[in-house]
Amino acid sequence: MDQNSLLFAILLGAPLVGFFINGLNFRSHNSKLSGSIATGAAIISFIAAALLVKELIHLPPEARQIKSSFFSWMAVGDFSVDAAFLVDAISAIMILVITGVGSLIHLFSVGYMAHDEKPAKYFAYLNLFLFNMLLLVLGDNLLVMFVGWEGVGLCSYLLIGFWYTDPAKAAAGMKAFITNRIGDAGFLIGIFILFLTFGTVTFTDLLSRLPSVAEVGWTGPITLASLALFIGATGKSAQMPLYVWLPDAMAGPTPVSALIHAATMVTAGVYMIVRLSGLFVLAPNAMLVVACVGAFTALFAATIGLTQWDIKKVLAYSTVSQLGYMFLAAGVGAFGAAMFHLMTHAFFKALMFLGSGSVIHAMHEEQDIRKMGGLRKQMPITHATFFVGWLAIIGFPMLSGFMSKDEILWKSYSSSAGHPLLWFVGVVAAACTSFYMTRLMALTFWGGSRVPKETHPHESPPTMTIPLIVLGILSLVGGWIGIPHVIGALIPGHPENYLEHWLAPALATVPMEEGSSILEFSLMGISVSLAAIAAWFAFDFYVVHPERPKAVAAWFGRFYEAVSNKYWVDEIYQARIIQPIVDGSKALWAYVDVGFVDRLTYFASDVVLGAGGMLRSMQNGRTQQYALYIALGLAITIYWVLVG
Amino acid sequence: MSQLLPVVVLAIFVATFGLLLMFLASLFGAKGKKSATKLSSYECGVEVAASPTTKIPIKFYLTAILFILFDIEIIFMYPWALAYGDFIEAGLGIYISGAMAVFLAIFIFGLFWEIKSRALEWE
Amino acid sequence: MMSLGPAMFYVFAAILVFFALSVIMSPNPVHSALYLVLTMISLAGVYFHLNAQFIAGVQLIVYAGAVMVLFVMVIMLFDIKQELRAFTKGLISGALKVASAAFVAGYLIGTFKDVSVGSQSASLAGNTDITKELALMLYSKYVLAFEVLGLLLLVVAVGAVAVSRVKGGTHAKH
Amino acid sequence: MPSIESLNQIGLNHYLALSAIIFSFGMIGVLMRKNVIVMLMSIELMLNAVNLSFIAFSNFTANLNGQIMVFFVMTIAAAEAGVGLAIAVMIYKKFKEINIRYFEQLRG
Amino acid sequence: MGSDIFEVSVNFLKMIVIFLMMVQLVPLLVWVERRGSAFIQNRLGPNRVGPLGLMQLLADAVKFLTKEEFVPAKGYRFLFYTAPVIALIPAALAFGAIPLSAPIRVEAFEWLGRNWGPYTFAFQSYEIGIGIVFVLGASSLAAYALLLAGYGSNNKYSLFGALRASAQTISYELALGLSLVGVLLLFNSFQFSEIVAQQAGPMSFQFLGKQVTVPFLPNWGFFYQPLGAVLLFTAFFAESNRLPFDLPEAEGELVAGYHTEYGGFKMNMFYIGEYGHMMVASALMTTFYFGGYTIYPWLTQESVSSWFSQFTPTQASLLTALVLHLVFMAKVLLFLWIFVWVRWTLPRFRYDQLMDLGWKTMLPWALGNTIVTAIVILIMRTNWSGQ
């Protein structure tokens, strides 16, 4: 075992050990102890990740891969899978984000879960999630990735339903799990197709065998596999039409929402597509589907976000919308931009979720923004950091969100796989984002206080504010590693787009049009000014003239009703999909199951019972008689092997 | 076998030596009358009351089991200690220490668990 | 003195077979246990001869010095005397048992005659520091098994204490 | 018929045969003794026989894996003896005798 | 054992001489013990028979020899007689594996019309590659003598004493085995001669990958493993059932422990076993921590052999070995004296205190010693500069 393997082992092992320690001690009420163990594990993991990435940086760009095979997992005929791990440029970003943001959120949780009933269980789940997420991103083949993929699904389920005594929360957990299963089925089918076509599930082998298939010209299986994998991605990353679980997932503790449902797990789909970018670029039709679904989801979720009153629901729809951006980027071939937005989004969305957690904590579990307002005075640190997050997400120039979002918009316009229409949808979605985020900000922190008299909001303890501050700084400057060329050209020193350089060797490319920088600037200007106008409107509505929104809502009429009821998507699913399935299942049960299957099984059991009755005399509890059977069996086996 | 032979020879020699001594002692020893009282088990002068094994705490047995388990863990450390220098020279010092650290953590946990659970108490 | 080789082997083999047979034939469990100790010490000698010096030492320490001490201790605690009926009843099943064991042994011996790896040329004898080699393998290739065994021992230690505590357990109060 | 030469040239076969004989003794002990402790000892005998074959293979194929395996087997044998004797002690405490037939009474 | 008749017979004789030396030391030690205890307790001790009471030993031997032989009626005759013999063997076997001096080199010579040699005779009964493990293994068999004696006597004091003794022996075997890990970490060898060789010369060790030498101190293990040495020595006390750990024969409760029913020479053999253990312990302490037969900083093996330069090489080698053997024995006797001294200085432990000391104090300390040693060695020997 060399040094890198050791780093891998520490990286993956630390959260696992933390999980075992807290899991074995799950009855403990000592949130400080279990929290420190879990946070320590996450930080150790982060250090290992950093060291690993440091090793990676020292390698030449084209050879930036560190592989480590731990053991042979399964070998069936030609099919063999190793428990092997791979760090390259893409997963390096992921592990840093997962362990870094993860550590901060663990730290935040120590304060947030201080008064909970079963903190050890919570931290055990959180560490298990970290382990599975790392498995997902580090897996060197699709199967290891799938294990992580399922593992994070499990942890997500456990954590959404963490307060399972509330039936609604338990139901939300199940909804997330079942919706994810649909996507997982697609993912598995995709793996099968890939294995059938290429005979391997290892990423490196897969990508090296792709060109030979592309030469033949028949890309049917590739398109099919890409679409199947994308179904998996829509499930995990909450895209149309499988996004419905994510808003409900807000039933879990807020740090969980920040970690799992904003920063890491939901980006797994994006990560998977980026990881298999070589596959997707060979399937332009699938790419188009990805882009369209992404753009549509971005807009769709953003409009729903306009009317939500629950602080976490707003953020949840915002997450869905931002994930849509990432898929839009991936769909137009801007994989680097997708990764970039994934990273910046992890920073500012985790920040906003944690900020909302801080608010909810201060408001004694109140999540309705109509009952907040003016919290700026009571919670200065939370407000300041949330403000930074707000600036980042609405695309205030030079903040992280601006960098990544505008790169996506520009690529969706300029890429050969892009289209001005996609750009337009993106810009409208950006404007909506700006509006609802400003609305959230205004209703929560600004204006007059609508806080009920009996609650006394207060600033959160340092364990909660420190992560906020760190994430706030990251949201401010995190975008500077990927400054677009046109802006970089204006800044003294001409900083390069480091991220693009870093990722380039690991990604497949789509031909890009060399757009003029004037065009890029003007597009940028359009989106920024639209966002600014939207923000101004929101400010005007909710701070300056609080009576106006009602009038506007009335003016929109039925459309407003549709939006505020989330387009009745849940109801439609219930009526059109779930109910028919339930009815059909009932029919199957009444006729097929009772009439045929049960009879068959009864017959089988009768046979077994009869045979068992005869054999029962052998099971007389006499140990030595059992030993004799073993001995006779051994004798027969030896005879058979050696002589027969 | 050449290394082992002297050990066997010595063991046989020592055994013979011991038997010889006992034979000599029985040869020269006083030949007293054997009476039932003389041959009865020593019990500080009173009649033997009960079988020797009536009241023996099974405590000893638990000690023996724990001894076996810890003994093996210690034996596992011997090859490690033997090859420690070689591992360090090969640049694998951190690795081998880490591997043993995990093992030792289990060992220490076990030991302190036994102490805490009062399995090692003698009252 | 290399000519002692085969003679030594036959002497050891005869001793081993005698001791092993005595273990199962002796009606007194104390004698059985003592014969087993002797078997294990002799086996340690054979291991030593087969270039497994360290394993021979471990055999002495662990088997002869620890496991068998436990056995002897338990037998003494229970005051188990000579057994009137040491063997199970049933002539037919007894014959069947002996026959199956003999069958296994016979076939094993019979087939081993064909094993062709018996050349001394490929022996470990040339290897100077076997114990160090052993350590290198144990802590690299088998490191996982090594850790898991540590865990197993922990579990058994905890289990032994737990068994002693349950109702009707070894240390339960009467 | 084994020739004189094969009797003089001690090779792997001889050790394996010895191991097989000891193993079958252990097996007979397990199958036929009534005393649980003696049965456990017979199991140790069988394990020792297997260890002997491991060591013999290890020596004659110049491969240390066998010795490591023996190391592991010893560990597990010790654990097994500990647990087995614990059960035997419990049986003794209940029935004042260590006969295998009391194991029929065990219910979990 | 050797390649020709000369070597074989020398080796055999050597073995027997070393064993007899060990046996002969026992009466001497008994005398030292008795005189020493008298000295410590401000008494006279045996002083009637011979000068300084030295002939007392012979008188004792005669007394032992003429004691009446008998086996308790309820005892198990065979086990009763085997136990004392078994008591002798482990100590003798263990002692035989320890080098008592530098090896003797015999040059080739002609004798009885034949060419003999050259030979190298190790100054020990036999050389075993896995020395430490062998000694541990051999001495772990000592528990059987106690158990058999206790069981064979079929007396409740004997049995109880035997169980106590064996439980105590095995409990301290853990601390013993674990403190040896520190020695192994330091010397990375199972072989005694190798360990002694590493302790020759001035103190020299690696400090952060660089060699550092302290010329005025010997390179003895004690300076690296002081805690380990103390723990090991204490564990040896318990292993040999010496005071303050002689609970198995606590008179107040157990009469005389496992040898309650023994008398005469059989009893004496248990004593030989016990003193044999003490000798093994002292020899091991000397070998592991006090440089074995080396005597630096005043003299090295070479300078000793240079005294005998006028003799033939064979004679010089022999004389050097003898001188070094005396040095070794001096160290060993020092430790044996400490055994005696402690016996008459410290009170006896209670049994629970004894078990607590073994399991809850010494074992954790030995563990700590191992861990600290490993970490220090890792830091000191690793080549941090990376070249």
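General observations
Letters A, B, C, D and E name the chains as they come in the text, with residue numbers starting at 1 for each one.
The rule is short, and it goes like this: a residue touches a chain if its C-beta (ideal position, glycine included) is under 8 Å from a C-beta of that chain, and two chains touch if they have at least 3 such contacts.
If you're wondering where the values come from, they're calculated on a predicted model, not measured in any experiment.
Any chain that touches subunit A and also touches subunit B is listed here: C, D. Here A-C and C-E are compared, and the pair linked by more C-beta contacts is C-E. Mean C-alpha position of subunit A lies 54 Å from that of subunit D. Per-chain CA centroids place subunit B at a distance of 16 Å from subunit E. Subunit A and subunit E have Cα centroids lying 67 Å from one another. For subunit C, residues that reach two or more other chains under the stated contact definition are 1, 5, 54, 58-59, 61-62, 65-67, 69-70, 73-74, 76-78, 88, 97, 100-101, 104, 108, 131, 134, 138, 143, 149, 153, 156, 160, 164, 170. In subunit E, 1, 128-129, 133, 159, 163, 166, 170, 173, 177, 190 are the positions where the chain touches two or more neighbouring chains simultaneously.
Among all residues of subunit D, those that touch two or more other chains are 27, 31-32, 74-75, 78-79, 81-82, 85-86, 89, 100. By the definition given earlier, chain contacts exist for A-B, A-C, A-D, B-C, B-D, B-E, C-D, C-E. Subunit E contributes residues 1-3, 8, 76, 79, 128-130, 133-134, 136-138, 140-141, 143-144, 147-148, 150-151, 159, 162-163, 166, 170, 173, 177, 190 to its touches with subunit C in the complex. The part of subunit B that touches subunit D in the complex is made up of residues 58, 61, 65, 68-69, 72, 76.
Those residues of subunit C whose C-beta lies close enough to touch subunit B in the complex are 1-2, 4-5, 8, 45, 48-49, 54, 58, 61-62, 65-67, 69-70, 73-74, 76-79, 131-132, 134-136, 138-139, 143, 146-147, 149-151, 153-154, 156-158, 160-161, 164, 170-171. Contact residues on subunit C toward subunit E in their complex (touch as defined above): 1, 30, 34, 37, 41, 44, 53-54, 56-61, 64-66, 69, 72-73, 76-77, 131. Taken in their complex, subunit D has these residues touching subunit B: 74-75, 78-79, 81-82, 85-86, 89.
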